[in-house]
């Protein structure tokens, strides 16, 4: 059974169909990329998966249980975390506190758990932000904010991580570092659903790719299958500035 | 009787609409809810009645023009002194600041003009016009006529003149307007000035209908907020239409239902709209945002 | 908390308790009364701070909850209901109203919520004025029985002082504990970024309602204490414009800072006394000062305090983009969008 299953997902906004009848499955432990030109519905899909939007019709299942229409916090607590395209740090808190919040978003009202605190520090070490633990979250530069987002989502102890264009705007060094983090997460057995524009990253990291266009599923397959798919090539070269699939 | 109620309801509604229009323009331009809009009307009413009418005995038309000019200048000061320092502040700061302004204006009015309410008979006094069996107050007719003229002029300005188009552009999207070369700071100041001018007209028109007192701003503002919610917050024609609807509701509700509880009813309506149809009659539903 | 900290707190509490014992003897009846009013304001402001400061939700209804507690207690007490029952009923009435308001308010944000809570406040005030048979109308109620338990009655300002001090201390303690707890962290996450909090697992709906109820209950408690302190109440005390005072206490004290809010509550009660010579111009000056404060120091007293210590952070992380104070009041407005 796929860890995430999307069936006939449709979403309308005031008459415009952002997603039309999209179905696909994500295998547990895989790095699964979702790509497509701007406006193809990738972010809408991510928002529905994480519960921020409710679908107009269709189903989403996490480990076999339906989560479409559930509140975002319910989905988060069931083991699916996400990051945002533009990082959303909690402004009044430090880097470490951002992570502590995720770890303590449910459970005891009055007691902080020292085990969760230790896990938060360990996660900071994992993404390389341990030095900045006590600095204000908003003081981090852009690339590190992305890592903070991921670290915060990790403190939910998720099985699935939704990443929304995490490589956008990063320099090559930051890009490489982020790719290492994603590989390490994959090594830990996490399922990563990666919405991305950076083709080199996608082709290098992903085991499976779903291509969206105009809200519909265009084609799905392994990186080499996608690279040789005429439909995918046309969707991309037709609407972007001739950027090829090879980065 | 119905016709009479209708006219008085529309007249009050026109006032609510004018006030609502003022802060709707400010909201569209800079994202601040101007909680002091009612006090601006009060200020204009006092200036018009106390200073221009009672002290200087100026004819009504001159009174109107001078009051509007005064309010326009005040609006420029408001833009510089209140909006400008707060332009990047979070919502709550701006709310508290405009509430502070309303308190300041309300209490300053008492200091300047004394605590007693003023009565002004206006240019028509109690004169009525007969429409069949109904007797309609001249003042109400004046309000409605002024309103129509003003709306026509406003549409002409917004669509026809360069400055009007600049104001519309800035109100729709400040960043894009700036990128197009519009001096948004100056345009925003003008929008504040215009919104205050609208309050000025409202103040002059409403003065003969009510006692002019320092407290009048609060209730007018609240009715105007309700009008705006009903019409669709941020929707320019909606503000006016919402005002007319609320004015008619007030008039007919007071007569047929209960004048004591009319405020409870209108604010109940406000809350009902906020819960069930926050976009009002004409607004667009807010999209869920990621 | 380390043992050094515990000792510090214990000593501070001991000193404060002694001071509290002495205050009624040191101050004359008049100033003791002012302090009593200040304590009521502390409960109101610290209460409002839960929904406004910790939660970042704009509620303009605090005066209405104040009034519900006051009228609830007074109406029942005047009808012979046992005073402890009347007091609890008043508090529960306010808390219940907070629940009734908080639930539908889940959908509303920012200025929409402000307007809805404002409307609620207006409606409550109109009901207080118009339900004359019940509420005494515009004249209000008088000869309200002083709170007492059996043979123990409060018949002097010092007694009122101790009663109010206990409750104020409880509310402040709750606020401080809340602030340091995971629950408080969730509330602050809600304030900082509702969506980010939600996808991090925070049940923001429950938190919002909970904060509303806490704020409303504190308001009701303040209302009961106020009624028993003065012995008479009238609708104009609970006008929505009164909410403005508490709004100022919370915002200028520093959203979410218990210490700042308590300080402002005392200052705003005492300053009018000191500035008596201003007489009628006091409110006008007050309004003006508020405008200036908002423009100059949007973080309030707490923000100023934090900015003073922020330079230390800058020295530790010199390459940071923005090293300034930790407390930011949430995202700036985006004009028409939002």
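First chain written, first letter: the chains are A, B and C, and each begins at residue 1.
Note that in this section a residue touches a chain if its C-beta (ideal position, glycine included) is under 8 Å from a C-beta of that chain, and two chains touch if they have at least 3 such contacts.
What you see is a predicted model; the values in this text were computed from it and never measured.
**Q** By number of C-beta pairs in contact, which two chains lead?
**A** By number of C-beta pairs in contact, the leading chain pair is B-C.
**Q** Select the chain whose centre, defined as the mean of its C-alpha atoms, is least distant from the mean of all protein C-alpha atoms.
**A** Ranked by how close its C-alpha centre lies to the overall one, first comes C.
**Q** Relative to subunit B, which chain's C-alpha centre is the most remote?
**A** Max centre-to-centre separation from subunit B belongs to A.
**Q** Just give me the whole-number Å value for how far the CA centre of subunit A lies from that of subunit C.
**A** 41
**Q** Mind checking the centre-to-centre distance between subunit A and subunit B? Centres are C-alpha means, answer in whole Å.
**A** Subunit A and subunit B have C-alpha centres separated by 47 Å.
**Q** Could you state the distance in Å from the CA-based centre of subunit B to that of subunit C?
**A** Once rounded, the distance between the two centres reads 32 Å.
**Q** Which residues does subunit C have that touch at least 2 chains other than itself?
**A** 195, 328, 330-331
**Q** Please set out, as single numbers or ranges, the residues of subunit A touching at least two other chains.
**A** Answer for subunit A, listing residues that touch two or more other chains: 52, 84.
**Q** Identify all positions of subunit B at which a residue touches two or more other chains, and write them in rising order.
**A** Expected reply: 290.
**Q** Taking the complex as given, what residues does subunit B use to touch subunit C?
**A** Contacts found on subunit B: 27-33, 81-82, 85-86, 88-97, 99-108, 110-111, 171-174, 218, 222, 225-226, 229, 233-234, 260-261, 263-264, 267-268, 270-271, 274-275, 278, 289-290.
**Q** In their complex, what parts of subunit A are in touch with subunit C?
**A** Residues in contact with subunit C: 50-52, 71-73, 75-77, 81-82, 84, 88-94, 97, 100-102, 104-112, 132, 135-136, 138-141, 152-153, 156.
**Q** Quick check: in the complex, which residue numbers of subunit C touch subunit A?
**A** 177, 181-183, 185-186, 188-189, 191-193, 195-205, 256, 313, 316-317, 320-324, 326-328, 330-331
**Q** Quick one: in the complex, what on subunit C touches subunit B?
**A** Interface residues on subunit C, with respect to subunit B: 52, 56, 58, 104, 107-108, 110-112, 114-116, 118-120, 122-123, 126-127, 130, 195, 241, 244, 247-248, 251, 255, 280-281, 283-284, 286-291, 294-296, 298, 328-336, 338.
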